[in-house]
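Every chain is named by a letter (A, B, C and D) in the order it is written, and numbering of its residues begins at 1.
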Amino acid sequence: MQFASDNAGPAHPAILEAIARANDGHQRAYGSESAMSRVRDRIRDIFEAPQAEVHLVATGTAANALILGCMARPWDAVFCSEHAHVEHDEGNAPEFYTGGAKLTLVPAPDGRMTPAALERALLPEGARSFHNAQLGPLSITQVTETGAVHDLAEIAALSEIMHARGQKVHMDGARFANAIAALGCSPAEMTWKAGIDALSFGGTKNGCLGVEAAVFFDPDLARDFEIRRKRGGHLFSKHRFLSAQMQAYLDDDLWLDLARRANEACARLVAGLRAHGEAEILYPAGANLVFVTLPRATLRRLSDGGADFYVMDGDPMTGDPAERLTARLVCDWSLGAEQVDRFLALLG
Amino acid sequence: MQFASDNAGPAHPAILEAIARANDGHQRAYGSESAMSRVRDRIRDIFEAPQAEVHLVATGTAANALILGCMARPWDAVFCSEHAHVEHDEGNAPEFYTGGAKLTLVPAPDGRMTPAALERALLPEGARSFHNAQLGPLSITQVTETGAVHDLAEIAALSEIMHARGQKVHMDGARFANAIAALGCSPAEMTWKAGIDALSFGGTKNGCLGVEAAVFFDPDLARDFEIRRKRGGHLFSKHRFLSAQMQAYLDDDLWLDLARRANEACARLVAGLRAHGEAEILYPAGANLVFVTLPRATLRRLSDGGADFYVMDGDPMTGDPAERLTARLVCDWSLGAEQVDRFLALLG
Amino acid sequence: MQFASDNAGPAHPAILEAIARANDGHQRAYGSESAMSRVRDRIRDIFEAPQAEVHLVATGTAANALILGCMARPWDAVFCSEHAHVEHDEGNAPEFYTGGAKLTLVPAPDGRMTPAALERALLPEGARSFHNAQLGPLSITQVTETGAVHDLAEIAALSEIMHARGQKVHMDGARFANAIAALGCSPAEMTWKAGIDALSFGGTKNGCLGVEAAVFFDPDLARDFEIRRKRGGHLFSKHRFLSAQMQAYLDDDLWLDLARRANEACARLVAGLRAHGEAEILYPAGANLVFVTLPRATLRRLSDGGADFYVMDGDPMTGDPAERLTARLVCDWSLGAEQVDRFLALLG
Amino acid sequence: MQFASDNAGPAHPAILEAIARANDGHQRAYGSESAMSRVRDRIRDIFEAPQAEVHLVATGTAANALILGCMARPWDAVFCSEHAHVEHDEGNAPEFYTGGAKLTLVPAPDGRMTPAALERALLPEGARSFHNAQLGPLSITQVTETGAVHDLAEIAALSEIMHARGQKVHMDGARFANAIAALGCSPAEMTWKAGIDALSFGGTKNGCLGVEAAVFFDPDLARDFEIRRKRGGHLFSKHRFLSAQMQAYLDDDLWLDLARRANEACARLVAGLRAHGEAEILYPAGANLVFVTLPRATLRRLSDGGADFYVMDGDPMTGDPAERLTARLVCDWSLGAEQVDRFLALLG
């Protein structure tokens, strides 16, 4: 019963098969292989964005940090949710790749930033001089780190605030597929139609070995991306093994299929938790992860029974059994109903 | 007839099979999977270095730049050959990861730095004050970018100069296996026994998809490596797909076997070139690549006949047919004697 | 009636005379002039710290950012008050000089950070892995940006928390003299005896032209300071003009005398404001600046009458006269009782 | 007999008097004081450049590094002479302020870069890909570090090469006044009329306490200068003390008068050296400094007799008296004919 992380799970077999097929003799290196052209075309098609610039890297942190580097100058403030992955889980990579920009946290109690909170964080027009961090871009995480999903109107409202001030908007879409599966909208609707200028389009957490696409709906922003990628050491010589993954991920909507499986498992899990007297769900769990508060004794029972998950605020194995701790439960594509049901059975 | 680059060739099937085998359910992420322990032990064993720190990344530029970041402070000079990959082919990644250290070029006419040239570049003791770049580490490329191979005494002499001044020595071993195959020495002899403090141990150019090991013989240097790797966006969540590659690469000395194949093809090629009246070989070709000067017309004939290679100083397809240009010919593990012979036949 | 800033005021004549006296023929450059030795000795004496390392720069931002660069690594979190000058008023200089460290804000409602708030911001021991910003130093502002003054026990409690975790503590003392004048303690008591490892000791806001001392009570921290200062372009060739200022500033306790004058003017101002029905004082005004909320009409009257000050949250000259805005009033050494009284008279 | 450096000499009294005059009550801070407007206008006038952007800093390294930061991106190559101050004497400040650009050395045997050498260093059009440092700006030092002075045609030829490739040209004019005095041309002729886009206009070495102007003939380049200056900690709050220096320096052509004095002293010195049988002058000494090779014994005699100067390649006080070493002799504005004559008398 694996609920620790969607990056601890296996790759989907179709991804591995595509890598094996790509291993065909000598090919042009560094992204000029023909498969990359097909990936680019396919992403432009899926996003209804024929002008989009598309590049691949192997990790989500690289995608986020490189895109933010294209958007923010070293003296800028980059706005993000107080829960954002770019703030808490990327080891100062955004600061590194922007040359020292200042991540400025916007309160987001349930994980979703509100337009009003963003407005306050930006300060009034004219309030910034050369003494201060300069106004810079916004990074929205979708699915948020709490598991909550921004709806399209929220994304559009946040983007509009930034665009009105001449700033760009990034979406950290490490779980982009799960958000699309949750909202049932089109990729275009959740991105450029809602004002997103560049997207980290995740593959790794959703069945790939390690591949993420940087998708620039505003192609001007991508001007230096390839140079920055090389400078960061993120240009693969045998790039075909990245494009092969992405191609298989997009073929036959595998990406959406895998995300739907993960979301369905999570919905089943949430329903079971809701039915349980002890469980308190912390945030609106809209996609494939849920935070739940349970007594230490219960968490211990789940753990002893073979469930694997992270506890955010303490060690369930020691201390007062009645005390309540919060666990994060993440469902990946490979987790079936059977594992969820076993977990819920242990929960009692 | 593929002589363009050893990173344009395919991965060895054993590497792909290892990746497929690694795709077995949920595993711990970020390098804490059990395969990484085995890789670490195996590298320590191969290098007779039980204390070595070992970490994996996916690209050679990442390995080099992250190791140099551990060795050099932002205000240091980093010494390297005038031909070095870190100077010419890494898009300022060493500057990025060191926070602005200054690559200082040591003359190396045939690719190999001499101790005397290094001494001159270091300046006399006491010649540096806070006005200048501070004394920093040395990076030796082995196999050099010209195809020449440093012998063990040269490496030891260079290292000794640096150690006498309290500085560290890095080896860029993107083609480390080819150098070992060329010299017939042990990995320990070419590294820590000759004064190397940290090694970029290449896999990608020699039959892997994309994996390089950072091997620290001086474990103190590795203290911040994991943090730097994360900050650079180079920590793989599904790290098992890096460790699987490296494990297969080391099993049954596959790495040496592949390097020997490449070196043998190159030796056959060099012998053929030497026997040809028009060809002038530029540097001592000790491993799997050779630079050769030929008339434009000859290069054109080779290209028309299906040979793929880089010309360093002009376009063979246009201009005076008698004029001589220099081509770089690289042999990878997958290039057999038959391809070499076809090339030599075309050469005439 | 100048209340805009203590850096808009004049230098004290004694400082200018010292500069003129220093202009005596050729002297050794870059801080090796004899006056610098005297400054170093004098500061060690004043701080009862014979081992302290002392260096001069010309701006407060340079002092703060260079010291933080000595304390924090690029992947660290630097903790500071939510009001801190290093966060809000230094144009990302701390991020620049640390190579990308993350300023992490500690709530400090009245300007003073509490130990409990600091503990929360640090996270529990073991909560940080390589995914996160690493634990780094603390920067305390004294006098705080709100005008409140930390007492010695508060400083000691904050320092102790950091030292218990092996981290260092910086004091931004742009208004250090005003704090000493306010508390009536010794410089040693407010710094190393309370756990401060390095101090930005301000001169510019308190009667100098432009000079600040970086004082390292932990001399190990200063190891790279001179190199960092040069790399930042902050090493003066004609350094004698910095040391001359600092020497005159310290002679006959001029620094304390000037700070007392400023604090006394402010106390007179605060007393007058407190006696006024409309004025609401926001923070405990312990030194030479005070934030006061007044009706727009009143602020307009003060401004029309010749008072110069900053309004933090709007333009007093437009809008509803009854609406209340907050002004910052800063008293410098040159502001006498007469100016304060004229201001209070205008207030009515 | 002070020949060590033009920054070891005194400030001119008129500069000090201007500082004293500027100390007049409260004034607007951070460069918005009225004196700065006058300085800006005066520089635009002197350079016949009404659109020029002008900003002040206190050190030459700050001026150079900040301007290069405006011109070069972190992944660029910055071209400069192999003797350049930005390469050898600024402690990696250019790397720091550009975010890691690579200083690429152009051979310049007598200190002056030739157009042919620059062309070779730039590489042919199309030779750079994302693997390499990108094409970036050129920095010309005038007066060069060897004391040679570029003539106007050389500067124009170098600039033209860069402009033809869309790149910008910086002039490090730490000794700009000496070059103007040497060539007898107008400031406009030596800068924008010869293709210079931005100039570090030095004051410190020529009679000021510490002030340099960054003059942008291409005002677009200055867009971020003020933000970068603040981020570097180089914005003076009491900026009036910088503008006062620069104003006095420009008034009545004091800057040119002081440079002429220094150049004349140097010409007298060079004439005396040329007349001496032992002395070998290394470079064309066109301004206020000269490199001369003399026997160790002679250097010892000069030093014993009270002459102060730097020896570049050894210690005159020890070793074989017959061996020849190279001394650098720098004349500042305050050095009169009498000191030169005393030096020459000692030389014998």
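Just so we're on the same page, a contact is a pair of C-beta atoms (placed from the backbone, for glycine too) under 8 Å apart; a residue touches a chain by one contact, two chains touch by 3 or more.
Per UniProt, the chains are A, B, C, D = Threonine aldolase.
In this text, all values refer to a predicted model and were calculated from it rather than measured experimentally.
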Classification of the chain A (Threonine aldolase):chain D (Threonine aldolase) interface as same or different, half of numbers criterion: same
With centres defined by CA atoms only, which chain is the most remote from chain B (Threonine aldolase)? C
Distance between chain B (Threonine aldolase) and chain D (Threonine aldolase) based on Cα centroids, please, to the nearest Å. 41
Please tell me the distance, in whole Å, between the geometric centres of chain A (Threonine aldolase) and chain D (Threonine aldolase) computed from their C-alpha atoms. 51
Report the inter-centroid distance (CA atoms only) between chain A (Threonine aldolase) and chain B (Threonine aldolase) in whole Å. 34
Can you list the residues of chain A (Threonine aldolase) that touch 2 or more other chains? 74-75, 90-92, 96, 99, 130-131, 227, 230-231, 235
Report the topology of the inter-chain touch graph, choosing from line, ring, star, complete and other. complete
Using the touch definition from the top, list the residues of chain C (Threonine aldolase) that touch chain D (Threonine aldolase) in their complex. 2, 4-5, 7-11, 13, 16, 19-20, 23-29, 57-66, 90-93, 96-97, 204-205, 209-210, 227, 230-238, 241, 308, 334
Give the list of chain A (Threonine aldolase) residues in touch with chain C (Threonine aldolase) in this complex. 74-76, 88-92, 95-96, 99-103, 105, 130-133
Any idea which chain D (Threonine aldolase) residues touch chain A (Threonine aldolase) in the complex? 73-75, 99, 130-131, 134, 224, 226-231, 235
